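Next come two complexes, and both contain subunit A; in the first it sits with subunit B, in the second with subunit C.
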Partner chain A sequence: MSEPVQITVQTNETDSAVSGKTETATISDYVTVSPQDSRVEPFKPASPSWFVARINPVSRIIGALLLCIPMFFSLDLVSASSALAIEFVLLWIGGVAPWTVCRKTWPVWIAALGSFISVFLYARVSGEILWSAGWIVISEGSFPLALATAIRVAAIAVPGVILALGLDPTDLADGLVEILHFSPRFVYGGLAGLRMFTLLQDDWRALGLSQRSRGLGDGNAIMRALSQAFGLLVLSIRRATKLATAMEARGFGSDAPRSQARVSSLHAIDWVFYAICLSIPFAALALAIATGNWHFAFQGA
Partner chain B sequence: MTEAVAKANYKWRVVDIVVAAIIAVASGVIFWGWDIVCAVPLTLFEGVTPGFEGLLNGFWLFAGPLAAIIVRKPGAALFAETLAAFLELTLGNQWGVGGSLIVGIIQGLGAEIAFAVFAYKKWNIGTTLLSGALAGVGCWAYYWATNPGWNGLRVTWYLVGSIISGLVIAGIVVWFLSRAIAATGVLDRFESGRAQARV
Partner chain C sequence: MQVQPAAVEANGWGWRHATRKDFALRAVDFTIQPGERVLLLGASGAGKSTMMAGLAGVLGGDEEGEQEGSLTIDGVDAREARGRVGLVLQDPDSQIILERLGDDAAFGCENLNVPREEIWQRVRESLNLVGLGDLDLNRSTRHLSGGQRQRLALAGVLAMKPGLLLLDEPTANLDPEGVVEVHDAVKKVVESTGQTMVVVEHHIDVWLDMVDRVIVLGRPEPGSPAGAVIADGKPDEVFAAMGDVLASGGAWVPGRTIPDYRPGSAASQAVRVRNVTADTSQTDEHTPVLSCRNLSFGRGSALGTGINLDFYPGEVTALMGPNGAGKSTFALTLAGLLPPVDGQVLIAENLAPRADRREPITWKSRELLGRIGMVFQEPEHQFAANFVRDEVAVGPKSMGKTQEEAYAIADSMLERMNLTRFAQANPYTLSGGEKRRLSVASMLAAAPQVLVMDEPTFGQDFTTWTEMVKLIAAIRDQGSCVIMVTHDEALVNALSARRVMFQEGSRA
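Showing the complex of A and B:
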């Protein structure tokens, strides 16, 4: 860090020159700022993928929906695994290596494992019953059904998780208002709430410290966490009420037309992205239909 | 118990939006924490029991009912649950856009129905319970769609578990939580806070 730069407030000097008084400058006459290039603002990439980082945040949400909704209609090994494979390859082309994908999406695989177990043990009966004990019924169709479900869970979740990485709420809010024409009151009001998230972390720490300094909360850790969480909720509502007053004082929420500080628009790359997002599930479904493996998800086993 | 005086005002003020948003943010953090805490127990429940993991759903259901009962505006449950789900999504979890955002919207719609059928005039423990239960039904609907291979028994147990969990955590707990918040006086700009003060 270099030395802080002092900026003299110009008007005050001319004032004192005109009035002829010998005023010593008070504290408020100087605004101490650090030079722009010495500020350390950690650069946060909008996405691990160079391609995804270039598209509009709204497109990322829409694209993720386009990717996963068609997949809900099929439940078979071919469509699920081919969709997952295409997604992995495309993400690799887009700059996210498969091992990075696996590392970033590890909870997905736990969820997929859970789905596998639940369907394997409690699937709709198809074919001969191989083993049953109590509620558990394992039939011939259980294993393929469970495997298809698990891969389908991954195929639905993996692109959604990767596309959401690094998504900036402010950029998304701009897109929602300017591209999808959502009500700016709700979008920016919601954004204001989201932006208080970092503040809540500080509040949590401060609440903990103040409890400590009063000698409270040495007993049960769960009780302490609960009482602190309640305190945080009350504090955050108080903050929100104050914030709302401040926002209204600056004219937020009036019926007057709004202008936008930042421009959010769709470009050719967004349309390319939509095309890719639509083609992945449909290619997977087409492959499953062509090979005769397609299975409508909500039909009996 | 306080019965809300029914003079319905459907117009959202800025304070309604921001407070609903902050409730959603606080809830979203809890959703996300629950995602992590739950990953292993959920898998265990899925394996050992026929669908009792629905009982764990309650911690993902309460944002909508809580915001609705405090703010008392049409759409509050849907708005808060969606925003909470969005925060959960951006913090990163195992379900991506589908299992966080879509399910959040469905749960929010469920929670919303409970207040909508009474034309947003009844804000008592009954509608809160109904709201929590219907949010549970929403959650069940999504997970059934994710695991269509489940047999009838499992689908039923999951629905029952999800509703019970919604009733308890997104219903009873939310109601008493909202009363406790009102008792602190922080809701003095809301009807939910004033109704308490009048008693």
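Showing the complex of A and C:
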């Protein structure tokens, strides 16, 4: 058996004059723990890109929409890959290197791969049939079509993900209320609810541990998760009720006019951003038309 | 900070919740002068929360219930007096609304349509008053301590410049350090603003130095369905006249002695918890039931390393120390719920399922029953059944007892815990103290040799507190080993428990 290393065991005869009735000796042991982190929070940038960080959060959402809508109209390799290329270059100029973009958007690439495989195997026949088995038909047109689809998925989703990174929910809520005139009751209610998720994560963990301690942790994992989920539901309703009372007590939820402590407005940089977001897909589509690759997406093969 | 203190007047006021048959409060009469500081007392269920919600104007409209008489703030119906009243609640977790400190403090002002420049001026003043002025306004509210959160809630309310400040058990969920922080902040606030204040609190002595009047709510006659004011006056007079009533209603009345439940004391003999008296014969007082060998504990990374401790049968051990030091994590590790980062937790050989399986974390969930039990800080984290009786029977059933045996144990457990009348109720509908008793009862039903408890007396009123102390003493005297995480000096003294202090070392 090893010797005690970090704990010092001391015997303290508590002074019976102080506590009055303590006649038996109280032994105190000490457990030394590592000091709590001094709770310095790392500075979190609003976006990996210096440019995106300076625009309004609402503009980021609008920009992502502007970027992707025109891209739905053509299904060809040229427009999709040129849009993706322009995006990578612009993001690089904006302070996000291409490898960083790839690393931060890995789920997009998985989705792109998935769409590539499904289009490749199951797409409508165009040209000569090369190979088929049941539902799977691979024709001459399969490969270019699958590639075009996959790259298009990336071209639409990559900028969307990069624009959303680091987006501050409070700032977005302010923008939604002040710029887009959403109902503050709805927006700030939702925002406060969002904070509850951290608490619910702790609840979930505690529920799991308590099941084990109550002898309920051995059975079917699905049944266990279900009963744990029910417990979480009850707790979340109780937490939500308390939060609603706290918000009401601070005057939230009436129809009376409300002021805003923070300013959320659009500046010149936001309009520049919109222009960029529109020009990327239009440049890409123009290139497709000029090179004769335009392929209207809703027209069939 | 300039605030106009408010006058409060209740005139035959009463409130019935729409879902209840009886009025919660009825014929309530009092007048509070501007600048008065009132302590509102009463047993649980006496209507304190209803009174506070009524004053804060958050009881709701006609769909939520029925109102009688009048309740006014500066002559205006409390329900219309938006912004004249500020309410600070008990739970620090549910009062933080926004992510950044400054935004959270500004939230109330925004809702009152205060102009922007004035909001930030008020926010800074309020944060200074509650002692949070040094913190960056952009700081995340997520990592604040309990005491800091309550002070932030106070600042948020204060920035609304309410004439009446309502505090509903603001320190009940805090550690001793947090209690002092919040007390000092409130004192500074009311002294500088001169606001009218009403505070509800079981721990009377916390607020005694700043209240000049005590109002007690309760049943005017035994058996009457609705509560009303049963005492009103200067603190000394009310405590002299009502001390016993208040103490039995759960208040910590100043000057009352704390019961003595150290091992072998007469009081501790009074309660018997377990049927099985033969249990003690299995264990020897001089061999530890549970030991840590070179233990490192933590979630992921180690919080403490190289710990060697032994826990003995018939002994209560208190794990004490500052918040966030890792006491709860350590307790969960002892209870066989979290794997040690390094080293071992070992149970006595005669208690292990097999001689070579002495580490609780390697056991099946069922094997913990009868050996190690854990009572969580939040009873609601523990509930697993829809009825109180089933809840207690869960453990015995999992241990392989028949339905009849399991319910026999459950029934006798409920009787001892004074919960029999709730047998068919849903656990979530019980009051705080009842829930706590139930969570202990359901753990004890599995007859654990080692009982680990996380803050068993946190936020409890005096009645529940006394019950808990009695219960822990009884469990100990049956020969079980009790390990509890606690900040409660009175509890540790009453049980004369062994202390294990957690202290922060220098960073390795």
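Please note the rule applied: the second predicted complex is superposed on the first by the 252 of 301 C-alpha atoms of A that agree within 3 Å, B and C clash if a C-alpha of one lies under 4 Å from a C-alpha of the other, contacts with A are read in each partner's own complex, and residues count from 1 in each chain.
The criterion applied here is as follows: a residue touches a chain if its C-beta (ideal position, glycine included) is under 8 Å from a C-beta of that chain, and two chains touch if they have at least 3 such contacts.
Source: prediction; values computed, not measured.
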{"item": "First, second, both or neither for A:Pro169, with subunit B first and subunit C second", "value": "both"}
{"item": "Which superposed partner A:Leu216 touches (first subunit B, second subunit C, both, neither)", "value": "second"}
{"item": "Touching partner for A:Ser259 - first (subunit B), second (subunit C), both, neither", "value": "second"}
{"item": "Contacts of A:Phe72 with subunit B and subunit C, given as first, second, both or neither", "value": "first"}
{"item": "Partner chain(s) touched by A:Tyr30 [first = subunit B, second = subunit C, both, neither]", "value": "second"}
{"item": "Touched partner set for A:Ser132, first subunit B, second subunit C, both or neither", "value": "neither"}
{"item": "Partner chain(s) touched by A:Gly190 [first = subunit B, second = subunit C, both, neither]", "value": "first"}
{"item": "Partner chain(s) touched by A:Val234 [first = subunit B, second = subunit C, both, neither]", "value": "both"}
{"item": "First (subunit B), second (subunit C), both or neither touched by A:Glu248", "value": "both"}
{"item": "Intersection of the subunit A residues that touch subunit B with those that touch subunit C", "value": "169, 191-192, 234, 238-239, 243, 245, 247-248, 252"}
{"item": "For the subunit B and subunit A complex, residues of the former touching the latter", "value": "12-15, 17-26, 29, 35-36, 39-40, 42-43, 46-47, 49-51, 53, 70, 79, 83, 86-87, 89-90, 92-102, 145-154, 177, 180-181, 184, 186-187, 189"}
{"item": "Residue ranges of subunit A in contact with subunit C within the complex", "value": "1-7, 19, 21-24, 26-36, 39, 41, 168-170, 191-192, 195, 198-199, 203, 206-207, 209-218, 227, 231, 234-235, 238-239, 242-243, 245-252, 254, 256-263"}
{"item": "Residues of subunit C defined as touching subunit A within the complex", "value": "53, 56, 58, 82-83, 86-87, 89, 91, 93-100, 102-103, 106-116, 119-120, 123, 139-140, 142-143, 153, 156-157, 160, 260, 262-263, 293-294, 302-309, 319, 321, 324-326, 330, 332, 335-338, 364-366, 368-369, 372-374, 376, 378, 380-384, 394-395, 398-399, 428, 442-443, 446, 493, 496-508"}
{"item": "Interfacial residue positions of subunit A with respect to subunit B in the complex", "value": "61, 64-65, 68, 72, 75, 104-105, 107-108, 110-111, 113-115, 117-119, 121-125, 135-137, 145-146, 148-149, 152-153, 156-161, 163-165, 167, 169, 185-186, 189-194, 196-197, 200, 230, 232-234, 236-241, 243-245, 247-248, 252-253, 297-298, 301"}
